[in-house]
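Here is the structure we will look at, set down as structure tokens.
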Amino acid sequence: MKARVVPLIALFSAFAFALQMFNVPLPGGTTGHAVGATLLAIVLGPWGAVVGLSVVFLLQALFFGDGGILAYGANVFNMAIVMPLAGYGLYRILVSVFPRRPATAAAIASYIAIILAALFAAMELGLQPLLFHAADGTPLYAPYALKIALPAMLVPHLLVAGPIEALVTGLVVAFLLRTKMPLGVMPQPRPLRLRWLWAGLGLVALLTPIGLLASGTAWGEWGGEDLQEMLGFVPRGLEKLGGVWRAPFSDYSLPGMGPVPGYIASAVVGMGVLALLSFLVLRASRRRG
Amino acid sequence: MKAEGFWEKTVRHVTEALERALVAEGLASRPGLLQGLDPRAKVLTILLLIVSVALLHSLPLLIAFAFLPVALSSLSRISPAFFLKRVGLFVPLFTGIVALPALFTTPGRPLFTLWEGVAITEQGSRAAFTLVLRSWDTLSLAVLLVLTTRWDHLLRSLRVLMVPRAFVLVLQMTHRYIYIFLRSINSMFIARRSRTVGPQPAGESRRFLASSMATILARSHHMSQEVYLAMQSRGFRGDVMVMEHFALRKRDAFWAVMAGLLAAAAIVADRLLT
Amino acid sequence: MAEKVFEARDLGCTYPGEIEALCGLNLSIEAGEKVAFLGANGSGKSTLLRLMDGLAFPSRGQLLAFGHPLSEELLCDGDFAFSFRRRVGLVFQDPDVQLFSATVGEEVAFGLLQLGLPREEMEDRLRAGLALLGIEHLRERPPYRLSTGEKKKVALASVLALEPQVLLLDEPTAGLDPKAQSWLVDFLGEWHREDRTLITATHDLDILEEIADTVYVLDETHRLAAYGTPAGVLAQTEFLLRTNLIHEHSHRHDGTVHIHPHRHLRFHEHVH
């Protein structure tokens, strides 16, 4: 990393920090806030964003207890790695398709990226009661099962935090372009090398089952009945909320398998669909231009 | 009007919180227990204690660990009242709110039924309590580390602990900019308020927020480049330098051994209790 | 013959975005000289100083320092950078840019710390550096709580702590009251010695005669427009008007209007 870029990274990291301070309290006990990861990735390049955001979360953890010390690793993974890389990749794809609308491309990319980060966070949180519980079923770490964690994380981000992120990202990128600020990475439609994108997505898809394997639990141990017991007890109100959000794979299970392999499959398929779409769009644009 | 008030209030609260948190309060120079330790040893041992708390499952042990930071803080000439205020504000606020629904949503033996189908369960209470305690324990240890160590010493210790140079450098400069940044936003809001009459629609406020942030960005960008050039001009090449020379002494070794024993004992006790 | 400190050969510098800052400069400065670069805002003086301090690099031509052409690669070389940064010091126009440490003492010590000196020596040099500028009493003060004059002193002290042979000053008198200006000019005069080179960029004509023996004038096309002794340059009123260093001023009294080239001196008198 070139030394010259350092103050720029620090500056934009400070900006991201400030941005993240504006938490909107949400029902369900979480807060939604914009992250600025895609913005940072566009301005600083993906790796500058990774460093900058990791620094931001460390400062938040040390000085504000925001996110917590133990959650630092997860926060870095979700919001300092997955989010800026995904956001950057999507941005590059979108801006090569719509070169005259970089700000809009940035906004869309940041929206998708924050949802992706929320998804990962929800999965990490939702699996914990399964993996770490006492003999009587008391969750030892995060107490919300997947059925609760997923809608609780995703809905606020889809409806509130995501739009805020998109708005701020789009506006700031537009502003930066208008004032012709010399940025680390100027938004320019350059021919893309998609190889690293596939590699990145593949790696992320791999990490999900590796996380589960690391817990030491064999997949076969989870019988359908146990899980039904654990995940089944949900107050009706939350069930309704969960019902708002429906996926092709409902309850993250494919017929015939237990939820966990189905969950992995869903993740892979989801990312595959996204990547495929991006790829097709890119091919179409190349043929056009 | 409410929407505008919300953003402005948030900005004000944030800047105040930031000033309290980031500005050195001289606590790191008091002649207390933790202040006298080699910062590298301190960082390592506190990290060790934090990791042990992470591994604990037993509630009584987590409760016991809650007293440790308070004891350490008073031994370090930091009044427990101040310390509790510092940590106590954030943890109940964030973690408590997050943990609250768990009382009801965790399946198990109902302790207290509110109405049809909604009850506080035993497992839920324990889960919520465990979550809050664990957060409190780890957080207060981290805060203790930050309060009793000079910032540049902390940065230098990270270097010694093999954290990449680029990371520490960005950390150092970001810390410096955050304060300036929020101050600018605050004064921008104040300036704007003196220019507008009447309530602003919510969307307008948000747009102003984003565009004023972008303006500060543009201005600060120039300044940041200048500062870095000035640093380079005086020979800066990317390493955080401090005047003091770190040397491990007997008391650091003693402290490290004590912390290690405590961590080990806690983990063993935990395994036995569960 | 004295050592050539700086030599510019067709030196040009353009910022990204096609913003030209300097064009076709040819000059040389020898050790022990007192040089001033005169020019209105935007003429490229600051850029030139930064080129000389190795903070910016030529887009065209060459700038040699102590016989070595300055380039980004050269300043990445640890040994050269180490000795170069000690020999050349730059005092920025805006002192706030240079005051980034927590206290004045730390600020002055910053350069010393980068040298990696033993602690005792650092402490001695720090004390001496503070005493030189008469700011020992400010040692524990945070820099943002100082007056402009005090800030300038701290900035100067922090650069001089490294004991440079070449001192570059960007608009040193900007923002200073007359008393502080006089003080600064005297101080610089005392600092200057046979083996020390003083280079100032300014548009303040008052201090010219005291801080320089040679004056280079940069005009708005970012080129060298004139060069000579201070007295010689100051006498060329027409030329000074053209390069925006003095302004035409009109005032009326008793029914007549006087228009004449005009510059503000410490003591201001019109002779009609």
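Just so it is clear, A, B and C label the chains in written order, and each chain counts residues from 1 on its own.
Heads up, the rule we're going with is that contacts are C-beta pairs under 8 Å (C-beta built on N, C-alpha and C of every residue); 3 or more make two chains touch, one makes a residue touch a chain.
The structure displayed is predicted, hence computed values, not measured ones.
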item: Innermost chain by mean C-alpha position; value: B
item: Dominant interface by contact count, named by its two chains; value: A-B
item: Chain whose Cα centroid lies at the greatest distance from that of chain A; value: C
item: Length of the line joining the C-alpha centres of chain A and chain B, rounded to whole Å; value: 23
item: Centre-to-centre distance between chain C and chain B (centres being mean Cα positions), rounded to whole Å; value: 43
item: Separation of mean Cα positions, chain C and chain A [Å, integer]; value: 50
item: Shared interface positions of chain B, touching two or more other chains; value: 176, 227, 232, 237
item: Residues of chain B defined as touching chain C within the complex; value: 24, 176, 223, 226-227, 229-237, 241-243, 245
item: Touching residues on chain C, where the partner in the complex is chain B; value: 50, 53, 55, 78, 81-82, 85-86, 89-90, 92, 94, 97-98, 100, 102, 109-111, 113-116, 119, 122, 158-159, 162
item: In the complex, chain B residues that touch chain A; value: 7, 10-11, 14, 17-18, 21-22, 50, 54, 57, 87, 90-91, 94-95, 97-102, 104-108, 117-118, 122-124, 126-128, 130-131, 134-135, 138-139, 141-143, 145-146, 166-167, 169-178, 180-182, 185, 206-207, 209-211, 213-218, 220-221, 224-225, 227-228, 232, 237-238, 274
item: Interface residues, chain A side, partner chain B - complex; value: 1, 3-4, 6-15, 17-19, 21-23, 25, 28-31, 51-52, 54-56, 58-59, 61-66, 68-70, 129, 134, 136-145, 148, 164, 167-168, 171-172, 175-176, 179, 181, 229-230, 232-236, 238
